[in-house]
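Below you'll find the structures, each written out as C-alpha cells.
Look for chain A in each of the two complexes below; its partner is chain B in the first and chain C in the second.
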Partner chain A sequence: MNRLFRRLLTLLLLPGAAIAQDSYGGQLHGNFQLDGQWYLRDEGIDPTGEFYPDERFLGQGYANFVYTDGDFSGGLRYENYQNVMLGFPEGYRGEGITYRYLQFKQDNLDVTVGSFYEQFGSGMVFRSYEERGLGYDNAMDGVRVKANLAKGVYLKGVLGRQRFYFEKSPGLLRGVDAEINLSERWHVLDSLGLRWTIGASYMSKYQRANDPFLVLPENVAAGGVRSQLMKGPWVLNTEFAYKANDPSADNGYIYKDGNGFIANLSYSKNGLGVIAGMKRIDNMSFRSDRNGSTIDMLVNYLSPTTEVHTYALPALYQYATQINGEEGIQLEANYRFKRKSKLGGKYGMLVSINYSAVQSIDKDYVATSNDTLRTLQGYYSDPMERGTIPYFHDLNFKISKKVNSSFKYNLTYLNLHYNRSVLEDGLGDEPMLSNPENIKTMDADVIVLETLFKVKSKHYLRNEFQLLSTQDDRGSMAMALIEYSIAPHWFFSVQDIYNYGNPDPDQKLHYPLASVVYTEGTSRFQLSYGRQQRGIFCVGGVCRVVPPSNGVSFSLTTSF
Partner chain B sequence: MTPSCDVIDQPFKGNVQDTTSTLQQRNVLIEDFTGHRCKNCPKASKAIEALVDAYGSRIIGLAIHAGPGNFTNTNTDYPADFTTPEGKAIQNFFGTNFLPVGMVNRENWTASGNGHWSAYTNWPTLSSEAIDSTLNIALEASASVNSGNLEVSAKGFPQMGLLHDLNIAVLIKESNIVSPQLMPDDTRDSNYVHMNVLRDYVTDTWGESFGTSPMLPGDTLSGNYTIAWNSDWVQSNAAVVVYVFNPTNYRILQVIEIPVN
Partner chain C sequence: MKNLFAAFAVTLFTVGMQAQQLPSTTLKTLDGKRVDIKDQISTEGPTVIGFWATWCKPCIKELTAFADYAIDLEEEYGAKVLAVSIDDTRNSSRVAPMVQGQGWEYTILLDENQDLKRNLGIVNVPFTLVLNAEGEVVWKHSGYSPGDEENLAEVVAKVARGESVEH
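Right after this comes the complex of A and B.
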C-alpha cells in the first residue's frame, strides 16, 4: 500500500505528474475540446427570433486528464459552458470539475472511487455512460468494485448517485451484477464448440418521497437475467428484465410493474451476415429521479432495434426508443460478392438489406372510474397481443462497390414511416387511440448516392447526393455535398440542403454549410459557416431536439 | 421482492390538510412558467389546482407566461399576450428555456445550478416539504383600489431571530381569464380558463427592502406600496400576492394572497 500511497500523492500533485513519470513509470494523458458559435439573426429559419440567443456567441468545452501507473489510475474532467450552445440541454450552466476518480487493482479486485461509467448486460437494468454529442452524461459518483471470484466468475457492485448536470440526482443507486462464463469453467462446453455466458443483475434506487396524495415507493428495484450463446457462425443473445412498481412522471404515476425482453440471433460465414432481433418493453422507464424527464438521470438503457443512419436527410427522422412501451423487430442481411465473381467484379461488392419496424404494445387502459380497487395500475398489457399504433419502420437496401483503384460508390434506398405524434410531440398511446385521425406521420422515400474518388496521391474527393421525397411534414428535400481532402492536413467541404417541397412557400429554403478543417498531429481545428435546420439528433435511440441556427462555428480538439 | 424494493398495494393517502391550527403557517408560492401554446402546460396548472384542493390557501399559484416564443408568442389562434417584462426578467435571471417548469418558494437557488427548478410532477413533494417547514416570519396585508390606484399595506412579524436582510415583493395576478390554450392532446381549447396569471409587480420585480438584520420576535416590519390600476384587469378576479424573501439567495420565507377590495 505504500507504493499505492505514493502514487496517490503523485496524482494529487498533478502538475508534477509528468515530471514524476521517470520515478514511478506513470503516464499522463488527456484530451481537450472547445466549441463555439457566433449566431447570426436569420429571419428565414427563425422568423420571430425565438431561437436567437441573447448572448450572440455561445461556447463550451472540456478537458480530460488521466494519469496511469501500473494498476493505478486517476483522472478528472473539467467542463465549461459559457453559455451552453443551442440544442444542448439547458441544465449545463457554468463550469467546474464534473468527473474525478481514483482506481486501483489489487488481489483480483478492481476498485474505483469517485466518478465512473458502468453497464450491466445490455443496459436494461443499469447503464451509466456519456454521449457528448447528445449532452448526455449520467456518470455515477460513488464506489465501484469489480471482482474476479473464480475462473470465469465475475462480480460487479456499484453504489452512488448519478450526475445531473452540475449537481447530483436525488436518488441513490445500489446494484450488483454477476456474470459466469460457463465455457471457461467447464471445458466440455468448449470442446463442443460452445461458448456460453450467463449473467444476472439487480439495481435498486432509493429516493425520498413526501407526496401529499400518493404513497410512493421510496425503494424501487429492477433485475435482469441474460445469456449469450455462441457456436460457430451463430450467436444468440437474450435478456429479460423486470422492474417493480415505479410511479413516475414518465408513466403518469401509475403503479404497474415493468418488463423488457430483447433477443438477437446472428449468423456470419463466407461473406454472408444475417441478424434477426426483437424487443418488447413495457413501462421500463427507470430514472434516479421519479420526476425526471427528457434525457435526465436515466438509470437504464434500452437499445434500439432500428438502424442508425448517418446520412443527413434520413438522420432527420431517426427513431427514439419509447421507454414507456414499444415492440419491434429488425432483420438484416448482407452479402459480400467475392472478388472476380460475376457480380463482384474486380474488387467485390457488398449488398445489404435491413428492415426494422416498431409499434406500440397492447394496452388495455383502466379508466379511473373502473379502478375500484384504486391500485393505479394504469393499464394491463398482454405480451402476446400486438399493439396497433405504428411508430416507425425503415426498409433500406445498400450497395457498396469499388469500381476501380480510384473510384468507389455507395448507393442506398430507404423507405421510412415516422410517427411524428410519438417521436416529435411525445404523445402517449391513449390520446392517439382516442383520436387516430389526429396522428401525424411522415412517409418518405430516400435515395443516397455517395461517391469517393482518389484524385491523386493523398487527394480525395467525396460527394453525396441525397433526395428525400415526401408529402408530409416539411416536404421533400434534396442535398448535395462535396468534400475535398488533402491528407493529412486539409479538408474542405461545401453542402446545401434545399427544402423545395415545403408546403409553406416562405420555408422553401436552402441550408448551405461550408467547412474547412486543418489537422496537425492529434490536433484538429474546424471552421464552419452556414445554416442548420431544426431536427432531432439521436445516438443509440436517445435523442435531443436541435433548433435552427445560422452562424460561424469553430471546434478545436487535441490530445496528448 | 427484497428489502430494497417497496411494493405498494394502496397508493392513495387520506386527507392531508391540517384544519386544527389557527396560527399562521408557512405558505407555498409555486411559480409556474407557462405558455398558451405549450401543450403540456395545462398539466402544470392542474397540479396546482390539486394542491390547492389539498392544502387550501396555503398553496399560492402564480402563472408566469415566459419562455420560448413558440410557446408564449401570440398569433391568430392565440391572440392574448400574457407575457410581462417582469416575468421575462425572472425567467432570464433564474435561467430556463423550457416549459412547463417551476419554482417552489425559490428553494435551492445557486448561480450555476438547477436545483431551484422543478417539474410540476415534483410540486406535491416540494410543497409538502415546504408546508412542514418552520415559519420564520408572519405576514399581514391589505389591498384596495382607490382613485385609480392600487394601494397595498403590508406588515411582517419575525417569529425567530433573523440574521439576514429581508426584501418584500408585491404583485398582482388575475384568474378566470377565458382565452385559447393548446392542450396535451394537441387540440386548441378556445374556452380554456387561465388562472393565476401574473399581471404586474407593484414593487420592483426583485422587491424592496423590508427589514435589516438583525430582526427579532416582537419587531414589526411594515411598508406601503402603490401602482396605477389597469382597468383591463377584472378586479373581482384579481388578487395581490405579497412575499418576503432573503435577497442573497431569493428563498421565499413567507407568502400570502389577499383580495383586492
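Right after this comes the complex of A and C.
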C-alpha cells in the first residue's frame, strides 16, 4: 500500500512540477524543523541522575510537504527521532514517513485518501489533530469525504485508523457529521437578524475483544448535537454529547455510559467582550484502544475551559481536562478604555478579568462488596448535584497600557488553586473522598509586570518580573527576564528563576537560561543554554510533563 | 523512494522560482459563513495575513502593535489586513470577545481545522504573509519580536509602491 501510494504521489507530482513552470501552476509549501539538545549532568536539579539521558545528545526533526494545484492536493511528512528528546512520549523512536495523503475536490465533493486531520463540532465526539510541540498526533489514516449537498448543508464522513507513534491504533473509526447553516437556507432568519447553525455527529469505533473475564463491547458509539445562534453582538453556543458504555483503562473498566455538555454565551461590541461558559463531562474518555493512556489514540477532544497562561511561573501550574469527569465555569471580560478618555490616556487601556473554576462531578460509588454492579456501573452521578473536590481555580486581572510612543506595560495578578493530587498524581475521586486530608494542593498569588521600551527604531527592550508566592509544593519563586530585540533579525534573552522559597534548602536553586534567536524571513534559528525546571508544558490546553534538564539546545525551523 | 525525492526536488526548484499564490482553502467568518481565502484578499492593494490564536501571546502583541500602522496603511495604500485565528472550535468562541476587547479593526477569519496553516506549511504562530495586488505572496515572516511591526509596515508600503522586498 505504502509503495503504491508513493508511486502515485511521484506520478502526480511530476506533471505538477511541469505545470508549475507556467504562471498558473500548482503550489508547493512545506516546513522543516530540527531540534537538539546536548545534556549536561546537573546534580542540583537531578541529584540521582534519573533524568540524565544515556545518549548525552538527543535530536529530532521533521519536514512537511504539501502540494496544491487547483482542486488537487497531496502531501507527506517525514519524521526522525534520534533519539526522542526528554519530555516527549517515548513511543517516538526511529524514523519514517508518518503522514501522506491525496485530496481532490469536484462538484461540491471533497475526497481525501491517506492521512488527514478532521473534527466534528467542538471535538467532544471526534477530533484528530496534531500539536507537534507536544508530540501529540492522532492523525487518521483512511478515507474522508466532505460534501455540500444543498445550500447550507455540509456533510462529512470519515473511515480509518488513528496514528499511534509509528504504528496504527487497533481500533477502527467510522463517523459522520452533518451541519446545516439555517440562515443560508432560510433568508427569513436573516431578516430577523438571526444567524443559526445546527449540527449532529456520530462516531463508532470497533476494537476486537477477547478478555478472559469481561464481556467487552467491540463496537462503541458516540454521538452529539450542537447549535450556534447569533444575533447582533450575542452568540450562544451549545453542544451535548453521549457515549455508549466503553470499559477502558481510563475509567477502570466500568460499563457506565458517558456524556458531556458545554454552553457559552458571548457579547462583543464597542470595545467590550464578555464570555460566560459552563461545561460538564462525565466518563467521556474515548480512545481507539480501550487500553490506551496519556495522550495516546484519543478519539475526542475535551478542551479545558480555563485560561492558558504563557508567563513562565503561572504556566508551571496549568490545568488539564479530567476526561473521567469534571464540571466547571468560566467568565471572561475584556474592556478597552477609549483613546483620550480619562483612564485610557492617549492610546487607550485594556482591562481584562478572567475567572475559571473546575471541580469533580457528583459521584455516588457502588459499594465494593456489590461486585457485579460495581464492575457494571462503577458509580451513579446526578448532574444537578455539585461535586465536592475542587480541581482548579484561577482568578486573574490584567491591565495593558501604552503610556507613550516608546513605553508600554502589562500588569497581571493571578490567584491560583491547583489540586496536585489530581493534576500531577492522577488520583481518582474515590481515594480523595475517602481520605480528604491527603489531598495535595497548591495555592498561590502571582504578580507579573511586563514592560516594553522602544530604544530606537527597531530596537526594543522587554522585561518581565514575576513573583509566585506560595507555602505549598516547591514554594515561592521569583523570576526576572530581559530581552533585547533588533527587528527583523536578532533577539537576545536572559532570564533567571530563583526558587527562594523551596522547603528543601538544597533545592533553593537558580534556573538561569540564555537564548539567542536569529530570524531570516521564515527561517528561525535558536540557541539556548541553561537550566530548565521540571514542569508541565501545554499548548492549546493539552499538556505534557517535562523533566528538569540542563544543557545547550538548538532549534531550526523554516517554511517555504 | 528515490523517484519521490527527485520529484520533490524538481517541484521545489520550479515552484521556488516563481511567485506563490494562495492555495484555495475554506475558512469561516465570525458570523459562521464559509469563505475561500482567495476571495478575501484585496485586488486594489497589498494584503497582510497574520496567523494567530487566543492563547498565543506574541501573536496578540504583534496584532496590537501593528494596529496603528494598519490604519495608516489602509488609508494610504488601500492595504487590507486579515487576522486568521487557528483556534479550535472550542476556543474560537473566545475570538470575537477578545477582538472587541483589543479594539482590533482587522478582518477576522477562523481556520478551525488548521487547513490553511497546513497548506501554507506554517510551523508555528505568529506567522505573517504579505501579498501584492496580484495575489502573489511576496513576503513571509515567522515569529514575532518587538519592532517587527515597523519592518512589516515598511514592507507593505514597498509592496504597495511596486518596489521589490527582501527578507
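Convention: the second predicted complex is superposed on the first by the 532 of 560 C-alpha atoms of A that agree within 3 Å, B and C clash if a C-alpha of one lies under 4 Å from a C-alpha of the other, contacts with A are read in each partner's own complex, and residues count from 1 in each chain.
What we mean here is this: contacts are C-beta pairs under 8 Å (C-beta built on N, C-alpha and C of every residue); 3 or more make two chains touch, one makes a residue touch a chain.
Given the structure is predicted, the values throughout are model-derived calculations rather than measurements.
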Partner chain in contact with A:259 - chain B first, chain C second, else both or neither: neither
Which of chain B and chain C A:50 touches, first, second, both or neither: first
Chain B versus chain C as contact partner of A:67, first or second or both or neither: second
Winner by number of chain A residues touched, once chain B and chain C are compared: C
Partner chain in contact with A:129 - chain B first, chain C second, else both or neither: second
Partner chain in contact with A:356 - chain B first, chain C second, else both or neither: neither
Which of chain B and chain C A:29 touches, first, second, both or neither: second
Contacts of A:96 with chain B and chain C, given as first, second, both or neither: first
Contact residues common to both interfaces of chain A (with chain B and with chain C): none
Partner chain A, residues of chain C touching it in the complex: 1, 3-4, 6-8, 10-12, 14-16, 18, 20-24, 31-34, 53, 55-57, 64, 87-91, 93-94, 96-103, 112-114, 118-124, 127, 139-143, 145-148, 150-151, 167
Contacting residues of chain B [partner chain A, same complex]: 1-13, 16, 39, 50-51, 54-55, 68-70, 73, 92, 95-98, 111-115, 118-119, 121-122, 124-125, 127-129, 132, 184-187
Of all residues in chain A, those that touch chain C in their complex: 6-7, 9-10, 13-14, 16-18, 20-21, 23, 25-31, 33, 64-68, 70-71, 73, 75, 117-119, 121-123, 127, 129, 132-133, 154, 181, 183-184, 195, 197, 228, 230, 235, 237, 262, 264, 266-275, 277, 301, 303, 305, 308, 310, 332-336, 348, 350, 352, 400, 452, 454, 457-460, 462, 483, 485-488, 491, 517, 519-524, 539-541, 557-560
Touch list for chain A against partner chain B, complex: 48-51, 54, 90-91, 93-96, 164-167, 174, 202, 204, 206, 209-221, 244-245, 247-249, 253, 255, 290-293, 374-376, 421, 425, 427, 431, 434-435, 438
